[in-house]
Structures are given as C-alpha cells and as structure tokens.
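Accompanying notes for the structure given below.
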Amino acid sequence: MDLIVFLVFAVIAVVAAINVVVQRHPISSAVSLIGVMGSLAVLYLLLGAEFIAAAQVIVYAGAVMVLFVFVIMLLNAGTETRTGRSFIASLLGVPVLAALLAMLAYFTARIYPRGTEVRFGGFRGGTAEAVGRALFTTYLLPFEITSILILIAIVGAIVLARKELE
Amino acid sequence: MDSFIVISLIKIFVVFGALMTILAYLQWVERKVIAHIQVRPGPYRVGPHGLLQPLADVIKLITKEDLVPPYVNKVLYLAAPFLAITMALLSISVIPFGPAIQVGGYQTWMQLTDLNIGVLFILAVSSMGVYGIALAGWSSNNKYALLGGLRSSAQMISYELPLSLAIAAPLLVSNTLSLRKLVDTQDGWLWNWNLFHGWQYVSFIIFLIAAFAETNRVPFDLPEAENELVAGFHTEYSSMKFASFFMAEYANMITVSCMATLLFLGGWVAPWPAAYGSGYVPVAIFAAAGVIMLFHGLHPARRRDRLTFLPFGLILLLAAAVFLVPLTQSALLPLFWFCAKTGAILFLFIWIRGTLPRFRYDQLMQFAWKFLFPVAMLNLLVTGLVVAVFS
Amino acid sequence: MQLWLIPILPLAGFLINGLFGRRFSKAVVNTFAIGSVVLAFLWVLKTLSGLGGLPGTYTEHYFTWIQSGALSIGADFSVDRLTAVMLLVVTGIGSLIHIYAIGYMAHEGGYYRFFAYLNLFMFFMLTLVLAANYLVLFVGWEGVGLCSYLLIGFYFDKKIATDAGNKAFIVNRIGDFGFSLAMFLIFRQFGSLDFAHVFAQAPAAPVGLLTLIGVLLMFGACGKSAQIPLYVWLPDAMAGPTPVSALIHAATMVTAGVYMTARSWVIYTHAPIAMDVIAYIGIATAFVAATIGLAQNDIKKVFAYSTVSQLGYMFVGVGCGAFSAGIYHLMTHAFFKALLFLGAGAVIHSLSGEQDMRKMGGLGTRIPWTCGVMFCASLAIAGFPFTSGFFSKDAILLAADHRAPWLYWVGVFTAGMTAFYVFRAFFMTFFGRYRGHEHHPHESPPVMLVPLVILAVLSLAGGYLFKIPDFLHTVFPPVEATEELGPMAVASAAGLLGIALAYLMYVLKPGIPDSIASGAKGIYTLIYNKYFVDEIYDAVVVKPLVGGSRIILWKGADAGLIDGIVNGIGARAKGVGGVLRLAQSGNTRSYATWVAFGSVLVIFFMAVAGVLR
Amino acid sequence: MMGQVPLSWFLMLSAVLFSLGVAGFIFRRNIITMFMSIELILNAVNLTFITFAYERQQVAGHLLAFFVMVVAAAEAAVGLAIILTIFKNRGTLNIDELNSMKN
C-alpha cells in the first residue's frame, strides 16, 4: 500500500518536474510545478510530516505559486524564444548534469543501502502540536528572525514593485 | 481492513449523492428565496412549485453543445473546471456531519475521513481553489475572462488571510485542529459554543465576511460583474464545464457554512442537552410543518395545491414520526442540528445576495488589507492573550 | 572618591562649548567653561580633604583599557602627595586664569572656541597628573601638546601664529619619540607600565638600562619643558593669547616634564649618570635662556625666556636629587610666572595689543594695580628674601651646591641675570617716559585684576604658606643638604644686585644700555638673535631634512619605488583580470553551469577525501 | 504484500528532482521559469530534510523544511518584484538578453 502510494506520487512528481523543464510556456511549467508540490505533499504525509504537508500546500502551492501564476499573467509572458547565447551551458550543461545526478544517486545508494524502510505511521513526531512546540521553544529565535525576514521581504517587494511616485 | 474500505466506499457514495442533490436544490432554494425577497414567485412551471427545475437545468446543461473556442490553451482550458470542482468537493471529505453511529454492528463516524489537521486540510484545499479560476480566466484567451480571473485570484488570496486568522481564534479556544474534537469541546449548552463561550463574535463576523469573498458571492462577486466583465472567468465556458464552476461555487458555499457551524456554532450539538428535551424540537418542527401543509392542502381556495401539499404534509408528518424512533434518533438528531445550522448560514448567503449591492474593486481590496486583516490580527492576539491568561 | 570626576568636568565643559558654543552667548560660555574648572578645583579640594593626610598612594581602577598579550593597561588614576600638589596648582591657577581670560578675551573672536580648547587642555592636563601608569600619562601628555598647538595657533589667520603652533607640535614630537622609546624599554624590562609596578622593580634592574630609560625620558621632558636642545618652540609659542601663555606655557604644561621626571625619581636615583645629564642640561638651559632674556624687547619674549630659564632651574633641582625642591620651584614659578604673564597681558591689553617694551614706559601711574602686582611677581622671581621664589630657588641652589659647587655658582650668576632682566622689563614698562602711541592706557577690568591680586599674594607668601619639601617628604627621599645661611645670602645678594643694576641702567642712567650694546656689539648681536639657534637648526636639521626628503623619499622612494610597485600591481591585476574577464560573460546560464560544475567537483573531491565514507 | 518503501528511494527521488531543477535553471531562458526551477530545487531539498527527519525520528528536519518554505516565500515575493521591475525597464524576460553586466 505504502509502496503503491510512493510509486504513484513519485512518478507523478518526476513526470511533472520533467514537464516543468521541457514546457515552453511558463504557465505550463507553473502548473506542472504545482503538481510536483502536491505529490510531494502526499509523500510528506507518508513520511509522517502532516503539518509540513499542509504547509507545503498552503504556502508553496497556495501562495508562492499563485504569485508566480499571477506574475506570468500580468506580464503576459509568452513562450520563450531560442537565443543560444551561452556557449558554456550548451557545451558543459548535459555532462555536468549527468555527472551530478550520477554522483548523487551513487552516494545515496552507497550511504543508504536498502536497510531502513519507510512505512506510514512510522514517525509520529510531525504533528502540528509537535512542530509547534519545537518551533516555540528550541527554535524560537530562528522563528522570530524569520518574521523579520518576511517583514523585510514585504518592504522590499513593495518598494520594488510600486509605481514610481515621481 | 476490508470492512473499513467497504464502509468508506458506502459513505463516499452516500455523501456524494446527497451533496449533488443538495447542490442542485440549493440553487432552487436560492432562486426561490430571492424571488420572494423581490416579491415574485420564482421558478414555478417545472414540477410543483418548480421543484423539478434543477433536474431540468441539469438536463439542459448536459445536452448542450460542449463548445471549445479556438485560440484557447486546450489543456488548461479543460483542466480548470475540473480543478475547481475537485478542490471544492475535496474539502467536504473531512467535514464531520455527526457523531459516531452504529450501522449493523459496525461503528463509524458520520464523516468521510478524520484528519488531525482537518482545519489545515480545508485551508490548503481552498487555497488550491484559486487555480481553477485563475487558469480558467487565463486559458480562455479572452480579456474579460483574464481580468475576471485575475480579480478573483487576487481577491481570494487577499481574503484568505483574514479567513485563516479568523479560523485560528476559535481553534485557540478549543485547542485542537481536528474538526471532530472541535465539536466535542462545544458540547452541552448553547453558551458552550465557541461563538458565545469564547466571545468569538468578532472572529465569526470576520469569518463570514471573508467567506463571502472567498466564494465570490455578493457583495464580493467582482469576478462575475456582468456590467464590467460579461461573466468574468467563465465567459467562455458552457455546458458541463460551466456547470462545474457553478457547482464549485455552491460546494464552496456549503463548505464554508459547515466550517462556520463547526467552528462557531457547535457543529451537530443541540443548543441544550437532550435531557431538557432538545430531542423533540425536530419532531415539533416537522409535525407543525406537516400540519400546516395539510391545512393548506385541504383549504378549498387552493385547489391547485391539493396534489402537492397533501402528500408533502404526510411526508413531513412521517419525518416527525421517524425522529421519535429511538434507533434512528441517535443518527438523525445530530444530522438535523448540523443541517439546521448550516442551512441558516446558507440562508444568510442568499439573503445577503438579495439585499446588498456590489463593492467597487479598489474598495474590496482596501477593505481586506486595511480593515479586515488588522482587525483579524488584533482579534487573534487578544484571543491568544485571553486563552493564555485563563488556561 | 570619584577621581574621574576631576578631569571629566572640564571635558564636559569642552564638549558643551565645543559642540554648541557657537550658539551660546558669552555669559553661557563663561558659565560652562569657568564653572567646570572651578567645580573641578572644588572637587579636588573635597577629594584631598577626604583622603586625609595621604601617607601613601590612593589608586582607582576604572576599566582595562588595552589587553593584548602580556600588555595590560588599565584606565587607572592615582593620587599621592605629589599629585595633590600638581592637582591644586593646575586647577587653582587654571581657575584663576580662566576667570582672567573672561576679561582678556572679551573683545576677541572665537570666544567659545578659546574656552573650549582651554577646557580640553584642563582635561588632558588633569589626566596627565592623575595617571597611574605611563601610557595614561602619555595620553595626557599628547593631549596637552595638541591643545598647546591649537591655542598657539588660535589666531589662525596670522601666519606667525600657525607657524609657531606647527613648530611647537613638531619639536614636541621629537621629544615624544624619546618618551615612546623609554616606554617600550620600560615595558620590555618590567612587563608593565604601572608606576607602582615599575618603581617596585626598578632597584633590581641593570643600571645601564635604567640610565638609558632615564635619558630617553629626559629627552621627552626636554621637549615638553623646553630644555636645550628643544627649547626653541617655547618663545615662538607666545604668539598665542596671553592667558594661554600664562596657563600652558608658564604654569602648567611646560612643567609636565619636570613632573614626569620627578614622578620617575626611582629610576633616576638608580641611574646617577642620567641625573647628571639632567642637571647639566638644566643649568645650561637656565644660563643660556637668561642671557638671551637680557636683550629681548618683546615683553612676552622676555618672560618666555625667563620661563625656559626657570624650568632649567627645576631640572637642576631634580637632577641634583632635590625632587621636592624642583616641585617646590614648579609651584612658586606657577604663581609668579603666571602672574607675570597675566600682568604682561594686562599691560598689553591696556595698550591695545602693543608688546614692544620700547614703546611702553611710565605706565606705573596710569595702571597702578597692574604695576603693583607686577612688582610683587618681579620680586618673587628675583628671589627677593622671603618671597616665594626665594625659598624655592634657594632650595634648588642648596642642592646644587651640595652636588657640585660650580653648578651653584652658575646658578647664582643666572639668578642675578634673572633679577636683572625681569626688573629691566619692569622698569622699561612702568618707569620713565611713555613712549607709545596709544593715548589712553586704561586699567584692566576687575575680572582681570582679582586673579592678579590673588596671584600676587601667592607670589609673595606662597613659599612661606606651602612648605612643599616638608609636605613631600613621604614621597621623595630626604635631601641631604641642610639650610646654610651662607649660600642663601649669596643668592639673595645676587638677586638684589641684579635689581640694583637694572634700576641703574634703565631708570637712573637710561643711556647705559645703548652704550653697552654698541660697545660689545658682537655679544649683543649674538644674544639679541638668541645665539642664532633657530638659524642653526634650520641649516643643520631642517634644510637637509627637506632636501633629503625631496630627493630620496619623494623622487626616489615614492615616485620610483612605491609608484612602480603600485603601478606594477595594477598592471598585473589588469592582465589577470583580462584573462578572468572571459569567465565573466554576463550570461547567467553560463554562471549557473559553472556553479553546477563546481558542485560536481566538490562532491568528487569529498568522495576522494573520504568524507562520504 | 511488500508494503514498505526503502528510505533511499525518497533520497533518489529528491536527487532526480534536484537535477531536474538544475537542468531547468541552466537550459531555460525565461527568468520566471528559471525562478521556478529554483523552487523545484528547494522542494527537492525539503524532501531530503523530511526523509532524514523520518530516519532520525526527530522533528528538527521538519522545522528546517519549514524555514526553507518561509525563505522561499520571502524570496518569491522579492524575486518576482525584481522580475516585474526588470520587465518594466527592459521589456524582456529572456535571460540571454539581460547581460548588461557584461562590458
């Protein structure tokens, strides 16, 4: 059961992610990315991270990606044009990527042999209560600092995007 | 394990069927109520008092030509209504309608599934609902649709904040994210409801206002402002795809009404304990309604209504009798109270649609960001403080 | 006891006047400037009375200022009897001069600036005096140097004033160089700069090193206290306002060298050669300056050379082991020299800025109060019996006699010359016929006269009232010299002789000086031109230095070497940059590719290094 | 039924998503798409955090993922504002044409 869930959503995630990269139109990419995020949320649930799964959907899919879609619509961004300016990217891109993926896969497989297995309900520490408790005790300082970060981001975004007053 | 799946499947079918019927008839109710507010009869031709009107509408929509305009982004154009209705229906799945019941030896909850984070789930799903509208507006390749879609998504994002904050306040009072436990904490008397017990009047009002905006209802139905945007994001949609958006809107209405009931009005809990006779309220109501029906049906001046009023009077009397049967009481009483409360809020939705004019767009945004959001924030702060001090 | 309050009060005055004084009225500036100094004086009195008899040293530690390896410098203040004397002199006379300056500076521009600088000077001077280690002392030392520079150049629109300021500053740097070297040696030898620590260990240190330290310290003191060979800045420093000359260049700052030498007495007593050097330099300075003073016509120049000469006396006292006598003379000199300068200032003030004595004369009847106080001061400096100068100068001469008779005789001769040139100035100013152009010489306002009168009383009776050698017996080793009537009488007689000679030459027979000047033309020209020391310095030191700098440092080192290196580096960087520029394509995707490539390399090397197991 | 999933599969999935994100960043020319690729990379990293949280049975990984989300949200707000400004000033979203740093 867990395996089926994993396989289904992992496949969805990978296919959607490939779609993000190969689609020529940004809005298709955005919709595919939402798909990736949604399937990742399900995988988070599988790993016992129910709060993070909800946050993933609310914050990422529900807020961040809406912003993306919004901007795409606002700018009426069309399909991208081919402008082969980067010699380096076309030359080194594919080998570097292949090497990166191969190395990541190789070391993952070597460091994490098939010993540990994930099953639904194997970790019950990811409830909203547990996360909230850790957030407001051990990690209070970083949490408060993020509020400052967000404040700065708000101010920055407003300053950047406002109409010129002059 | 197997029985769990079976029961779940049964529940899904029951809930889905009931929901579809309710959706259809909610529209009938709306037309009727608005008609009466405007002193006219409303649908009256199809069936007695227009009771078969929803069926006729459905048949019309299904049989209508499913037109896909040229120059649209096909994939997204087709996906958008599907996304909208899916997200709308998905949130129903975690809403509990009543307590645990015994069905032939199996105990089960009157709820499709219970999540520890039920409230968060609903928030998450409703935040995904934006895409249906935004993508519909964009993919239509029509400027009215695009503007409607943009307006709608901006409006939904804006009002999601006060909505979430208004939801958080009663959650603080009840100290849980599970919708079922939420109801349990409000058991007993009327004044145990979060609305009264936790002094959540401000939250309740904010929640209702934000809910109106979230569901794009009057007075916040800017995306569909006919005189500016034709029909907003679904200008280019017809047939079942149009019906999907329509159903999604009503499903969202039902969802937020259920949420209001669960969060503020005690869910399926009766206003006072059964020991003091709350169990006889539905009996009395149904019996009274039945008697009135029979009275009017037998009235010589209303011969046309004799065919419908007499049977319906009898059905209502029967319903009153069913509420007296102890076996069914345990299941039906909570359901009755839940539906009554939800229905009251749905009536409020319709009532306001028939009463209030539409906002201007800049007013709408200013109201959200400059008034509603700070008030909701302050309300949450005060609630948190009170809870922290008194617990 | 809150010692820190003593310097902080003038600092507060400085900050307030310096930052906001421009907008203040003169009354407000006065309130802060004089108020802070008078408060400091009162606080000194309260502190000293609170400390009782002060048998030992009272130290306050505020915070650790510098902590670096073995070096630990605390911001410490300490008070012993020596400090007490200095504190009273500095704040007391400082207060009087501040009050005097209200009247003197009333018509000058930059009023607030003047008082701000003066307060800043008080702050640094008190820091110098209160310091419990050499470095804090050095802070005060440099600080008073800075204030001296600022105040000498107070009339910054006059080139002569700014030049004099620069000269004072640069000459002092030479002395400070010696002081710094001395401090390095002290730290190297003793591992600390605290007075208590250093003096406790000094007796065990090698004599050669102590001598070196002593000579280097003395070199610093020579700069600050205007001794040969670094005395040249002090006469030029008279370009500053007269209260500055009185406060900084007569009463307090220039005595800092004497104070510092006396403070380091432990080092000197274990380095007899260094002490001899001090004594010889002191006597030479006293003599040379006195001879120059004989022929000066500028009233302030006369007193400037007199100051140099008297400082030489103090050095003689210190160099002869009579530290308390040196401090004694320091104090009495502060009284009468401040009075002389302030009186001269009053004269100059009454003549609207005239400083040339040849254009004065006959002022005794017109400004009788000024004349009276000047007479008191002149008597004191001439060592007239039972005035303050008599006691202190005799104490020094007795010590010198005990050390070496020739020192004593030169000292006596110098004392006679001192009496002569001071009374020469007195008679030229107040007697005879008025030779100036100012029609209405006017008496100074009371705000100037009151401090003068107080100082006059101190000049006459100060030596008797404050028996410094008795007071300081707990600080310094006892002086072996006993009070002998003979040498005392001789010294007094020399003074009286000088006075009489001056009376003869400048009152009774005014023709004599000119005939002497024409008779001994060579000598007269020599001393009139201050032995051509400035010219010699210019030829021997300044010109070669400037020339050498121009040729070697500027053309050779700067233009050739340094510019070459800098330009070379620039050219190399440009070359390297030209290669690296190829990587900076401005194309984000290329950058991203490089980053990915780099991370692949990182993973690869991590694997090679075995980090990934 | 073989119902359990090896932990490494999650990590493999993460690696694949990460590489796809990098690929998107390198090969796409639209700034918005590149930006979305960054989001994809962040998501891939978040998956590893959650996976490790499961392996260690500690909630710290979830918090890290949470902070990543917060940062991503802030980054999206500012980044998209920058993109808006770029578009306003330069009239293009093609990264290859935005090379005024060169020369």
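To keep things simple, chains are lettered A, B, C and D as they appear, and every chain counts its residues starting from 1.
Rule of thumb we're sticking to: contacts are C-beta pairs under 8 Å (C-beta built on N, C-alpha and C of every residue); 3 or more make two chains touch, one makes a residue touch a chain.
None of the values given here were measured: they were computed from a predicted structure.
Participant: Decide which interface, A-D or A-B, involves more C-beta pairs in contact, and give its chain pair.
Facilitator: Counting C-beta pairs in contact, A-D comes out ahead.
Participant: Using mean CA coordinates as chain centres, what's the gap between chain A and chain B in Å?
Facilitator: 32
Participant: Please work out the Cα centroid separation of chain B and chain C, and write it as a whole number of Å.
Facilitator: 93
Participant: With centres defined as the mean C-alpha position, give me the chain A-chain D separation in Å.
Facilitator: Here the centre of chain D sits 5 Å away from the centre of chain A.
Participant: Quick check: how many Å separate the C-alpha centres of chain B and chain D?
Facilitator: It comes to 37 Å between the two C-alpha centres.
Participant: What parts of chain D, by residue number, touch at least two of the other chains?
Facilitator: 22, 26-27, 29, 96, 99
Participant: What positions in chain C touch 2 or more of the other chains?
Facilitator: Counting only residues that touch two or more other chains, chain C contributes 585, 587, 589, 592-593, 596.
Participant: If I count partner chains per residue in chain A, which residues reach a count of at least 2?
Facilitator: 51, 55, 63, 74, 85-86, 89, 93, 96-97, 100, 104
Participant: Which chains are in touch, pair by pair?
Facilitator: Touching chain pairs, listed by label, come out as A-B, A-C, A-D, C-D.
Participant: Provide the residue numbers of chain C that touch chain D in the complex, in ascending order.
Facilitator: Result: residues 584-589, 592-593, 596 of chain C touch chain D.
Participant: If we count contacts the way the header does, which residues on chain A are in touch with chain B in the complex?
Facilitator: Where chain A meets chain B, its residues are 25, 27-28, 31, 34, 38, 41, 50-51, 54-55, 57-58, 61-63, 66, 69-70, 73-74, 127-128.
Participant: Which part of chain A faces chain D closely enough to touch in the complex?
Facilitator: Contacts found on chain A: 1-3, 6, 10, 13-14, 17-18, 20-21, 26, 29-30, 33, 36-37, 40, 43-44, 46-49, 51-52, 55-56, 59-60, 63-65, 67-68, 71-72, 74-75, 77, 80-86, 89, 93, 96-97, 100-101, 104-105, 108-109, 112-119, 122-123, 125-126, 130-131, 134-135, 139, 142, 146, 149-150, 152-154, 156-158, 160-161.
Participant: So in the complex, the part of chain B that touches chain A is made up of which residues?
Facilitator: Of all residues in chain B, those touching chain A are 73, 75-76, 79, 115-117, 120-121, 123-125, 127-128, 130-131, 134-135, 137-138, 146, 149-150, 153-154, 157, 160, 177.
Participant: Which residues of chain C touch chain A once you look at their complex with the stated criterion?
Facilitator: My answer: residues 585, 587, 589-590, 592-594, 596-597, 599-600, 603-604, 607, 612-613.
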